[in-house]
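You will see two complexes here that share chain A, one where it goes with chain B and one where it goes with chain C.
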Partner chain A sequence: MNIVNRYRNPIFTLLLLLIVAALMFNGMSASTATSIVLSGVTLAALYFLVASGVSLIFGLMDVLNFAHGSLFMFGAYAGWTFYTNPRLIFNSAPLLLLFAAGLLLNPLTARFVALPRWMRWLAGLAALALALVAARGFPIDRLVAMGMTMTGKVIPTELAQEPIETMLLRCGWALLAGIVLSAAVAARSVEHIQESARRTLGMVIGLTILGLAILLARNVAEQFILQTENNWRFLMAIAVGAGTGGILGALMEWSLIRPLYSRPIYQILLTLGLTFVFDQVVRFIWGPAGAFMEIPSWFSTQGKECPSPDLFAWFSQHCDSIAFFGRPFPSYRLFIILAGVVMLVGIGLLLQRTRLGMIIRAGVQDSEMVEALGINVRRIFTLVFAIGAGLAGLGGVVAAPFLGVYPGMAPEFLLQAFIVIVIGGLGSIPGAAVGALLVGLARAYGDHIVLAGIQLPGMSEAISGSPAIARASTVLIMAIVLFIKPTGIFGKKE
Partner chain B sequence: MSNILEVDSIHTFIGQFHILEGVSLSVPEGSITALLGRNGAGKTTTLKSIIGLRPPREGHVRFEGAEIRGRRPYDIAALGIGYVPENRAIFRALTVEENLKIAERKKNDLAQRGEMIFGLFPDLKRFIKLPAGQLSGGQQQMLAIARALVPENRLLLIDEPSEGLAPILIEQLMESIRTLSAHTTILLVEQNFRMASQLAAYYYLLDDGKSIQHGAMKELVNDRATIQRYLGAA
Partner chain C sequence: MLKRHLPYLALLLALIGLPYALSLVTGEPLNKGIPLFVQGLMVQVFILAVFALSYDILMGHIGILSFGHALFFGSGAYTLGILVKYGQWSLPAAIAAVIVIAALESFVIGVLSLRVHGVYFAMVTLAFATVAFILVEATDFKQWTGAEDGLHGIPLPDAINPTIHRTEFYFLALAFAVAVFLFVRLCVDSPSGRVWAAIRENEARATSIGYNTLVFKVQATIVSGVLAALAGALNAMWNLSATPLTMDVSTTINALLMAIIGGSGTLIGPMLGAGVLQLLGYLLNLWLGSVWQLVFGLIYILLVLFVPYGIVGTWRARGVPWRAAWRERLRQWTGRSKVS
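For the complex of A and B:
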């Protein structure tokens, strides 16, 4: 009796879900039901990759990151660019790295330069002007234009890329812009001054060398990447997307969010504002149209034996689809599910089995006390922000062959991720997983009834739905959950 | 005897409020020093100012001769200062073991000092795998102190350890703190004057954010008038 009482809520929820599922799948064939469930879990995996980061960041730092959808989108674009035409990356990364190197001189500039307030504004403007000089006439459109992989047409390297000397000059301006900006923000860094000069210089020199190395190796590296077998290139692209998301996230936290930890409303305005900035940056660089990304050949081989009769056959055949109960299901979507599950397990292990995870779990409750134990909590915050953003970037690349890349993916996934964590409970990773499943399954089922209608017991004809209902269904689930448990399924009482 | 900690007329603000208006104190090495005063006198804020959670705007804080005012709390703590806050602030979702592990500054801190810690607080060893949130109030207080013992700390800042504990537990706790003081220096904030007077060798008296009187505890115990006036207890 005790046990029944203790687990009353989960048991009740489970029964309710079973009844709902029985009604939903009433009169449906096993193959249709399986395909709906698999489609739902595919969506759930993608929603989870975005929502888990939002939840992780909110749990530890109480920051609701509206820009998370944008990080997902930016990761997708970065991975896609790396996969199809990495030229843009090799030509812009050196500039960004040298700018960052200049900015990281901050602890040293702060030691020698203490500008009055109006001079800091002036220095900020000067840095902006220098950055504009560095970027003036930078041939983004030519670099982005499709190279050899999509159309088979090769744009001669000399035409698309600027000569090394021009690029070196740009690098110099970028470094200068970074240094001037580091003087402009010097007042913010009083606490950093004690950091050792050697470490600072080491980082600055390291970044400079990395930037120049990328620049000098750009042709060799591009050839190497484009000649890499497409599956391995895709895995590399996933790493690039995750890395881009992580670096962007760390930068965002360090530069913009850190000064606002005591002002929650400002954080929301800031991250919301960033979504517009990211949207425009993506449109500016890659255009508003969006693009498809090819599915790597492990998941796109077509042949006589296809679709593969089962999962084991697929391992040798690499068919584009696998048959479940006689109906083919795209094998790439199984890869998406796999990615979602791997990340769920990975986050779980990180939180439960590592020292960092222990610190995160402690920090969720009381980050001041964690700091008083001698742990640099600000660094942990930056790291966790980077991890959350990296998950979003990874999700973006994983989603790209399935959904393509387009500017609208940011708001779409942000909205779904927010619905997911509200359902699951803010700050809870299991909650994010369960919420993602509910939302994903609802979306897939909604899409199904739009096409085929729904057959309720005792009715002779199916009722068909409209696409609007499919979209509204997730919000409806959220409303029901909030009505029964306002903190979400796994949420703790405030 | 040298002073391990010297606080020199610090001024600390919380928002617009001027909480500490010139607190000075010295903690001699190898003893227990009690920080006394009424509610709101600024005792807790003084500890938070030392560890850096409420950085003072003016004045000096020197630990083993080096200025630590203005440094970040993690940096100050890493010098060898343990902090046991008044609300205990144990991590409820972590197990007892994890609560101790998280305080490690070197990899084998807990392994090295575990025997000493569990000797002082045998209960913790029994409940080592239990989530700390399930411990009783007294056990949580012991865990909070034990956590400060895990790394090699040469100074402990302990805030109101007896708060909310039953008298029998207070006796146990006093015994533990007395044993501790053989290993490390302690700056103790305590409302319970009887407990403070039995433990501490020296005292500092705060009132309205200022340190107004200090000396050997022996002398204060006989100074009924001062006790009555500033501590409101007999």
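For the complex of A and C:
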């Protein structure tokens, strides 16, 4: 009885859903129903990847990250760039790394330079000026010119890239900008001054060497990546997307969110502003038009025996689609589902079975207490932010061959993630999974309905609509949940 | 008494005199050249000032953070446009309809969304607004909303058509802004307004005194929604069109930005913020071209980080030692924004 009481809401929801599902699929053929369910679960996997990060971050540090959709988008763009034309990455990474190296000198500069307030503003401006010098005339449009999928459009590497001397000069400016900025923010890191100088120096030198190594190896690395078989390249791209998301998230937390823990309202004002900045940055670098990403050959082989009759046959054939009840279903989407499930299991294991997960769960309960026990909660915060953002970035790359990359994916996925979270309950990972499943299925069903049209009794013609209607209709579920149980299915009582 | 109101009166007089002064200085007539252009710029400032003020009723006076305010602005614009263009309604009737529809909308959204607190509310309102944005862009309603192109060519009576009678429209917009300012002041100073402030400072305490805070929050949402819709309607009259951009999240961010630049919770602050933002945006656009939006976003982030109380808030804190004043306001903000 106790168990029933404890899980009353989820059980109740499940029963309700079964009834709704029975009504929805009533009179539909098995093949149609399967394809709707599979499409729904595909979308659910993507929604889960975004929503779980938002939920995790909110659960631990009470920050609602409005920029999460943007991290998803940025991850997608990074992965896609790596997959089709990694030139941009190899040419910009050294600059960013050296800038970071300069910034990391912070504990050392803080030891020698203690600037008064107005001087710090000046130093900040000087750093900005130096960064602008470093970036002046950087040929972004040539570096991003895509050619892999559209032959004839690619610019030869030698023409697109700047000569190594110019790049070295840029690197120098970037390093200088980082150092000046580190002086500007020096006072903020009083607690870090105690850290050992050797460790700082080690990190700075390491980053510098890494940056220069990437710069020197840029041609070889590009050749190597482009010659890798596209499946492995795709897996690498996923890692790159997740890494980009994670690093961006950690940076965001460290530089922008952390100073504002005492002003929670301003935190979300800030993340909302970041969505805008990310959107503009993506438009600035890659242009406002979107692009398609090719599906790796494991999921796109076409042949006589395609579509594969079942999942096992697919393992040997790698067809682009698999037949379920006689209707082909794109096999790549099964990969998306797999990615979602793996991540769900992964987060579950991380939270329930590791020491880090234990600290995170304790932090969700009472972060002050955890801090009192001698655990550096701030570091855990940054780490969790990075994990959440990394999940979003990974989701972005996984979504790219399915949906393409375009600036509009940020608000789109942010919206769906929010709906998912409101339904599932903020701060709950099972809630995010169930919410994602609900929204995904509703979305797929909605898509089916608006395309096939719906005929209500007493109407002569079926009404059909555009996919936009299906996109918008998921908000109805949110409204219903808000009306019945504002904290969501798995939410705690306020 | 007079001393307190003097700056406001001076500002009003300056705005009334602005077109004539410009005309005198440049030697051009009111409806040509620079005077015409500046009037156009100022009309937009007035419209956005009202929008920012309506936003700040929620953020600065009752302490609710809404990220869906563009929904009301856009719905005002589209309601007016559709009714006047396709419904052949007269302008006053359409405006009345704008008010009624906005009130209903904000009532429904308020009642639904205010069941949750703090950041949840921001999230839920953003979801509603995004859906509204998707719907106006949907091709299904193209014959009314014009989908992505927006609704163009709203017929207005000649007497207030901004392309023909710019100066008249200028004064109309100015009068509207002044009227809304006075109205919001009245609201904030009314007994209900006092309860709003109490809710902002400490909602739990307001509840325990015996106020039904939900009623007051819905009330504030409705006032704010209707004013935003009116601003949107005026915007549609000014542009003779209603575009999906009016529903976009960036419109909400704009309102937020204006409120923060000017100083949230200070009444005149958001309106000044609208002026600063609009003029700054115009200049940045001239200098930087299309990158200006990026620069804008960065400025926004810097403001949130370093100047959270805006022009008016910082100015009012000038007598008090800086840090003490900031700490005091910080305490207020954090005290009331605890997520329950």
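What to note about this one:
Here, the second predicted complex is superposed on the first by the 458 of 494 C-alpha atoms of A that agree within 3 Å, B and C clash if a C-alpha of one lies under 4 Å from a C-alpha of the other, contacts with A are read in each partner's own complex, and residues count from 1 in each chain.
Just so it is clear, contacts are C-beta pairs under 8 Å (C-beta built on N, C-alpha and C of every residue); 3 or more make two chains touch, one makes a residue touch a chain.
These figures come from a predicted structure and were not determined experimentally.
Once the two complexes are laid over each other on the shared chain, residue contacts for A:368 go to chain B alone; chain C is not touched. Within the superposed three-chain model, A:486 lies in touch with chain C and out of touch with chain B [touch as defined at top]. Touch criterion not met for A:223: it reaches neither chain B nor chain C.
Touch counts on chain A: comparing chain C and chain B, the chain ahead is C.
After overlaying the two complexes on the shared chain, residue contacts for A:418 are found with chain C alone; chain B is out of touch. Of the two partner chains, neither chain B nor chain C is touched by A:302.
Contact with neither chain B nor chain C is seen for A:166 once the two complexes are overlaid on the shared chain. Touch criterion met: A:377 reaches chain B, while chain C stays clear of it. Residues 190-191, 194, 355, 358-359, 361-362, 364-366, 368-378 of chain A are the ones touching chain B in the complex.
Across the interface of their complex, chain C is touched by residues 58, 62, 64, 66, 256, 259-260, 262-266, 268-270, 272-277, 280-281, 284, 411, 414-415, 418-419, 421-422, 426, 465-466, 468-469, 471-472, 475, 478-479, 482-483, 486-487, 494 of chain A. Only residues 65, 67, 112-113, 115-120, 122-124, 126-128, 130-131, 134-135, 137-140, 249-250, 253, 256, 260, 291, 293-294, 296-298, 300-301, 304-305, 308, 330, 333-334, 337-340 of chain C touch chain A when the two sit together in their complex. Those residues of chain B whose C-beta lies close enough to touch chain A in the complex are 51, 53, 70-75, 77-78, 83, 85, 89, 91-94, 98-99, 101-103, 105, 147, 151.
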